[in-house]
């Protein structure tokens, strides 16, 4: 896996060189953290929500990220308009089905977005992804219980059913296009103590998707770089607390290098 | 008061063990801080605002927190739907009347929510609470001037009139169910230099209300644990500034122990 | 320029003494940071967005700040109501045309607000200001490319055309009322790595506008104090990253003194 870590390091450098514009329609809890995380990494965030402008903004973006963490009917309408504009202009669309399964409104909206838009990626925890494809996993609020079930199988099945790349994050992260699957063993448990670390990850995948032709590798690269940054940050904030981790993580997204990826990245190809 | 500090320490441990889901319908200024504060403490936050889903989310929550800091007509509608669902399912509803008295829209909305819902708690500063029960205290924006007036009497009167537990926070915090009243002498002035520390406190009261039968003690426990955490954080950020205090406070909410409560908690029973 | 730095230092002290209420109708990305920045400086922030209450809130404020970073039709309506109320009651209105030029919705809304309201200040990057007066500069998302063009000339021309004070921020900050122009050489490049540093600056200008009769000097004072605080923070966070800078910047807004202004402020009068 040395070759792929080399490629991932190069993509990280390319994100910083090309500074891609990532258009986010995301939830109110994580907007600030998402913008700061993308800036720290070296991408250029924009948030735009009004139906009057989302088509214009999405088409000039390098990627469009849709996140239903605090969805409402106006935002869903805007997501569909933005998503269709992105689809028309070849801009990759990423979808984060926050809380799918927690309420039927979230589950149905997720399924509708997955159906009406041509998605490049879906990223969620196992319960969310399962609910998008109509399987039931236990979910509590917006945080999944990582109960039984094979996450790799789920990613593969969801990718095939939804004809997109599916990333399932948890203790181990898995990403699959239905044919090829990678598992990534980076990251740190303290990520679960800071809100929006999943949401920001989807936006970071957007930044990588914007600058890479091979979308599966782009997604895997985002997972590895993000996980390695989390490890570096967790080391600095060890024993201090989640407040300090949040700040160190923004620092680490800014400071993580291709060399760190080479040294600490841990990715396996599964088939 | 050694006995009650013992109980409060046990409740803190129970919050972390049970990890209650707290559904917040709150203002856009404090969503991120509220979510991170609840996560740091050991609770599980969820934000959901759409009328299509709030009833579903509220009924599976351990507590519902309503905060009118940036209210609008759609949010008020959602609060009423969520509140009624919570009432039906025995989920405690907490209300934070941010800025009641600053505009008549806030005052009237506060009175309407207090009337139409069966509230378990109201928490605010003295001016806000006074305005909810139709008395006038000076208010400037959303920050009260702690002018004259006996805060304990106000808490008692408001609790009787609104038939709920009332917490009034300020230099000294007071909580009363109309019969029994506690005053809590923890906390730190620098809390007023970080936005949302009042709002987060109401959500923390929600986390305690979710796991305790005696709601008055639950509320007092939240006030003590929160105040002690603030003192620990203020010590770490002494002389540095409110930016660092904010981070240290999130750390402290994560790190504060039953033993800290025993050592630094300062609560008095008033009648 | 020693005299003017003396005046600026006095204004900083006055902000902290008078603690002006700044009513913000701003974007969802920066609400928390804006509130914390104003609190840290010594002002009193309030966010209120509902058409039912913005007139009431604006009229009791020391300044009203309008920011279209995540505009929608309801917010625009509220901005017009609040702005007219502020105009009637002599409350200075500041406008931040975030992303003007990025979409026609933003450009047209900016022009409409500038036309229908009596603005005391507009603050933006060069591309935004150019787009408000109908000139084209390149813009990418909400971040301007500081391409050619003379920024001082642009500020002067925009001030004359819009009959307001115009502040253009970038590597060098410029503020002009069309007759007198100042350039300020404070600040630090890492400000561009934290979201909302421009938005917060407009709100800080609001705090100074609230307490000073000479609005041009008030605006210049805000730019100098903000820039000096950024330099102090950048020194503390040197080599660490944008997460730490964000926190140190909040600390510095709290800690920056009239003496720091005297020592590190760098302002030139241009005509």
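Read from first to last, the chains carry the letters A, B and C; within each, the first residue is number 1.
The working rule: contacts are C-beta pairs under 8 Å (C-beta built on N, C-alpha and C of every residue); 3 or more make two chains touch, one makes a residue touch a chain.
Just so we're on the same page, UniProt names per chain: A, B, C = Hydroxyethylthiazole kinase.
The structure presented is a predicted model; accordingly, all values stated were derived computationally and were not measured.
Asker: Shared interface numbers for subunit A and subunit B above half of all numbers used, same, or below, different?
Answerer: Counting shared over all numbers used gives less than one half: different.
Asker: If subunit A and subunit C share one sequence, what is the angle of the rotation that overlays their CA atoms, in steps of 5 degrees?
Answerer: 120
Asker: What whole-number Å value describes the gap between the mean CA coordinates of subunit A and subunit B?
Answerer: So the centroids are 33 Å from each other.
Asker: By residue number and range, which residues of subunit B touch two or more other chains?
Answerer: Within subunit B, the residues that touch at least two other chains are 28, 31-32, 246-247.
Asker: Mind pulling up the subunit A residues that touch subunit C in the complex?
Answerer: Residues 21, 23, 28, 31-32, 35-36, 39-40, 44-50, 52-53, 56-57, 60-61, 74, 246-252, 254-255 of subunit A touch subunit C in their complex.
Asker: Hey, which residues of subunit C end up touching subunit A in the complex?
Answerer: 27-33, 69-73, 99, 102-106, 140-143, 192-196, 240-244, 246-247
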